[in-house]
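Okay, got some structures for you below.
In the two complexes below, chain A is the common chain; its partner is chain B in one and chain C in the other.
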Partner chain A sequence: MATRQTQLLARALMSPAVILLFIWMIVPLALTIYFSTLHYSLLDPGSESFVGLENFEYFLTDPAFLASLQNTLVLVGSVLLLTIGLGIPLAILLDQPVIGRNFIRLMVIAPFFVMPTVSALVWKNLLMHPVSGLFAWIATSLGLTPIDWFTDAPLLAVIFIVAWQWLPFATLILLTALQSLDEEQKEAAEMDGASALSRFIYLTVPHLARPITVVILIETIFLLTVFAEIFVTTGGGPGLQTTNIAFLVYSQALIQFDVGTASAGGLVAVVIANIVAFFLVRIVGRNLEA
Partner chain B sequence: MGRITLEGVQKSFGPVHIIKGVDLDIPDGAFVVFVGPSGCGKTTLLRLIAGLEDVSGGRILIDGNNVVDVPPAKRGLSMVFQSYALYPHMSVRGNIAFGLKMAGLPKAEINQKVEAAAATLNLTPYLDRKPRELSGGQRQRVAIGRAIVREPKAFLFDEPLSNLDAALRVQMRLEVTRLQKQLGTTAIYVTHDQVEAMTMADKIVVLNAGRIEQYGSPIELYQRPANLFVAGFIGSPKMNFIVGEEASRRGATTIGVRPEHIAIVEDGGEGWRGKVLIAEHLGSDTFLYVDAGALGTLTVRCVGEKRLSAGDAVTLRPEPNRIYRFDDSGHSIFA
Partner chain C sequence: MARKVTGRHVVISTVGAWLAGFVIFFPILWMVLASFKTELEAFATPPSFLFFHWTTENYVTVQERSDYLHHALNSLIVAGGSTLIAMLIAIPAAWSMAFSPTKRTKDILLWMLSTKMMPPVGVLVPIYLIYKNMGLLDTRTGLVFILCLGNLPIVIWMLFTYFKEIPKDILEAARMDGATIGRELIYVLTPMAIPGLASTLLLNLILAWNEAFWTLNLSTLEAAPLTTFIASYSSPEGLFWARLSAASTLAIAPILIIGWFSQKQLVRGLTFGAVK
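Entry: the complex of A and B
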């Protein structure tokens, strides 16, 4: 029914949504680009002046930039490793027929529904607190010295919190994939004399290649912009140890009140996300074809 | 060697008895077909022999050894699944070689055996393709290749041709039979299609509701069916059953006549009179559905093109020595 008339009608009907979405996206982007070329301090409003690419120079030569770039990549990489590395065995366990399977599945998925701010607060005050936290209590009952997570291993602590939040997502995707693995294939492998381990290596892992790719792509998009967990727990510190790009942009704008440099940083973050996405699609995107 | 003996094999899923005590002796090298209607337990019986299900009672002997507690891989059998169950991410070569690789054979030997199996099945040009790049018949052959390469004591086929189109099914039927004869390996073949059973089997096991109704060669089953069930199941179109006076006149509760043993006569003599309801013209045969009054609707098979159509009056005459007689319990009465 692709006559000219239906095409015109389709375009006319779609245009409000497309135009709205376009404005929604383009106005902030255009303003960010505009602000990134201004000397614009919130402490001295009304005195904006055009400075060209100076803001980019400040942002990129700031020692905090390289540190936060490194933190961002370490955070994304570690959380991906943890969620997939733990997600596969967890999904296999959840795939087994046990009593109360539905309830257990619900419990496993629960962390995904807790908002980041809340889960970060729970981890900070109830679990990782060096005096009153659960981990500290376990350590002291075993006669060990409690770890002061946010002082001694702040980035690791943030990684654990974020991984805990994203583990259910990975588990859920991998579990649904496991359930689609053909039962007769497993039986054929059993007849072929494959042990449980061989069946895992030769059947399950190749079958999971595609869902793992999906998990990596989706998680990466969100993990590049982790903010609430850092804001609530460490505030980017101590020093710059837990500052990622998103948090650095925030601190430029609302701690140093330098909107111009923050805008430049925001644009740099966009470029970095695109670079990561480019390599990601090249490396793992092949799995999605065919 | 591949002699398989079942002794009182039973299987229940919870309170449901699927297999109610099966005794069977399959000699080495035989091609045995399990046939029966849906839900008769034929696939379950095959899976019990394969070891994919545990028996609830009885013994399964392979070459005299009880294998009830032996895991599937150690029973020395190989199976061709209905869905083929090929490993989708492995090439044809990888699929066929998988069992040998798991058995830890040296690479050179694996390669040689895979090439040989591929040559037997005309799969050599496709060895490096993935299963999804193959047609249905080729996938079927890969599944068979995976089974033969391990040189098992017996092949187990679980309705392997049911996903193929009619023409290909006939061709694969021949290929499977030829291959089995050539290798001389025992084969157990499950199907619900009695034509497949009749054409392929050395011996047929007719199953119904978890029991063996009859075990014998195709012609034995056709000529001397043990009971009503076998008589109705073997043969196409189905045997006509007649009860009442016509049956008691011959000393039976039910009599049966196959459609091909009824002749249409025009000599005005003795016979069953009726009226054609439907005539199906197949060219080589004509199937007539005839309303024969008190005798019910009878199916008649005439060779060639009979110029009869709905509404025509006909006289039917059964071949007197081809009338099967059954007692009240449904068992055959042989004179």
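Entry: the complex of A and C
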């Protein structure tokens, strides 16, 4: 039984966090909305004027927007496919009786703890360099022509780097879910003569549906905002080949100093993220009641 | 463990798992090896895997030429400071939501989570301009502040899911014995909450240490943490692989160790309790 006094206290304890987050959510966003209606360039200060929705029109009809939207979708989609497609077999493998499992777990989880700038630069230079990279050496040893990753397939290179960073996350979540799969259920199915394949299809897959959903949603939120990996490897190029929405907004704001258009682009990014967030909140929220 | 496990099964899955683990870990291993090579050997084809002239001179160079420790200290202050402040704000909030929930608690929690989903680019422009006007660009204070706000929802969520698992009966027993809220907090809750507090602290330390959107955009030199410092190796002129590797190894080593310790809590922390 909570008394009135504890209720008040509870509210008081909560208020700093609520107020801070409220300000954090409202003030910058309101400013972004305000700036998005202005003609406002940092190179030309004092010339701010109200232009209505012109910035949105400019941003949305700019070919760079469509290109970067496409890159964003390809990046998010491919990394999801790679991390889940590789994560499922990897999790199943690690769920087997394996000697030294704890050590392997450490190796598998490690990339997740590497800061984005480090993983991007190590991959770009030590592994993917067209002449001195390890991949080039492997290709040459096999009698193949080395791929000049960041010239010929820059987006694919970024995808591989980001997928490497997120594979541990997907694997770990799927492994945790697998380990919570009831051992007795598996045994019962085995005793009833279910083959390994049908056990996988009728037992494991339905059990993994929920963690896979969680992986997709959480990864999507982070993958929509991939920035550092692009910043240190390609700078969005060559051309627009690796520019995603996040990088496009950044370059409009801090390279071209076009505050108005960048703000409009930022709001577009917010809308895209909110569509994803809507689903995540619903799923996590459902879990809260359980 | 009543399932029959054949020896062959164990051998095959062990070999497969070790192979997969090695491949995934390899880029890190390769980087660590390169950090002990000379620049010439780091660049050499065919590459030498173990039989090269081992040297630690890169580590010395990284410190002498670019003041690595300065940036490491920045990382420590920014990641540690933002995490600690976020904890201080989050603990009372999570505590009250877990133990005195109201009808609106769930909505508040979901709302807090939704603030985390706002892409940082959506507010990059105003934050940059505010920081510029207030002289907060390239300051540790500015970074601490922004990372604290960015991670606050996650901290609250993690703490909430941990606090919720503390049995309420214990609290009631303490209240019956006449414990005040302050005493209840210190003597009853704190000991039970320490594991949850510790893993929240560690996970958010990792997230803040590796944060690379705000740190790249809001710091250049003076306040640059390791993320920004490492990014400075991306310019083609300043490319020294062995040095890059040494700086990178130092930058990720502490967090890798913390991460390995807290990996069991990682899943529930990052999925907001949706997967345990």
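The working rule: the second predicted complex is superposed on the first by the 270 of 290 C-alpha atoms of A that agree within 3 Å, B and C clash if a C-alpha of one lies under 4 Å from a C-alpha of the other, contacts with A are read in each partner's own complex, and residues count from 1 in each chain.
Note that in this section a residue touches a chain if its C-beta (ideal position, glycine included) is under 8 Å from a C-beta of that chain, and two chains touch if they have at least 3 such contacts.
Just so you know, these numbers come straight off a predicted model, no measurement behind them.
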- [ ] Evaluate whether chain B and chain C can sit on chain A together after superposition, giving fit or clash.
- [x] fit
TODO: Mind working out whether A:Val122 is in touch with chain B, chain C, both or neither, as first, second, both or neither?
DONE: second
- [ ] Name the contact category of A:Val158: first (chain B only), second (chain C only), both, or neither.
- [x] neither
Open item on the list: Let me test your reading of the model: by the given contact rule, A:His207 touches which partner, first (chain B), second (chain C), both or neither?
Closed with: first
Task: Which superposed partner A:Ala277 touches (first chain B, second chain C, both, neither) - done: second
Open item on the list: Looking at A:Leu267, would you say it contacts chain B, chain C, both, or neither? Reply first, second, both or neither.
Closed with: second
Task: Touched partner set for A:Glu187, first chain B, second chain C, both or neither - done: both
Task: After the two structures are overlaid on chain A, angle v-u-w for chain B, chain A, chain C in degrees (C-alpha centres, nearest 10) - done: 80
TODO: Determine, under the contact definition given at the top, whether A:Ile104 touches first (chain B), second (chain C), both, or neither.
DONE: second
Open item on the list: Which partner chains sit in contact with A:Ala228 here, chain B, chain C, both or neither? Use first/second/both/neither.
Closed with: second
Open item on the list: Tell me which touches more residues of chain A here: chain C or chain B.
Closed with: C
- [ ] Please work out how little space separates the C-alpha atoms of chain B and chain C at their nearest point after superposition, in whole Å.
- [x] 5
Task: Those residues of chain A which chain B touches in one complex and chain C touches in the other - done: 187, 190
Open item on the list: Show me the residue ranges of chain C that touch chain A in the complex, using the header's touch definition.
Closed with: 1-3, 5, 9-10, 13-14, 16-18, 20-22, 24-25, 27-28, 30-31, 34, 42-47, 89-90, 92-93, 95-97, 99-100, 102, 106, 108-110, 112-130, 149, 152-153, 156, 181, 206, 209-210, 212-213, 216-217, 226-228, 230-231, 233-234, 239, 241, 244-245, 248, 251-252, 255-256, 258-260, 263, 266-267, 270-276
- [ ] Under the touch definition given earlier, write down the residues of chain B that touch chain A in their complex.
- [x] 50, 52, 71-74, 77-79, 81-83, 85-90, 98-99, 102-103, 146, 150
Task: In the complex with chain B, residue positions of chain A that touch it - done: 182, 184-185, 187-195, 198, 202-203, 206-207, 209
Open item on the list: Help me check something: in the complex, which residues belonging to chain A touch chain C?
Closed with: 2, 6-7, 9-11, 13-14, 16-18, 20-21, 24-25, 27-29, 31-32, 35, 90, 93-94, 96-101, 103-119, 121-123, 125-127, 131-132, 134, 136-137, 140-141, 164, 167-169, 172-173, 176-177, 180, 183, 186-187, 190, 210-211, 214, 218, 221, 224-225, 227-228, 231-233, 245-246, 249-250, 253-254, 259, 262-263, 265-267, 269-270, 272-274, 276-277, 280-281, 283-285, 287-288
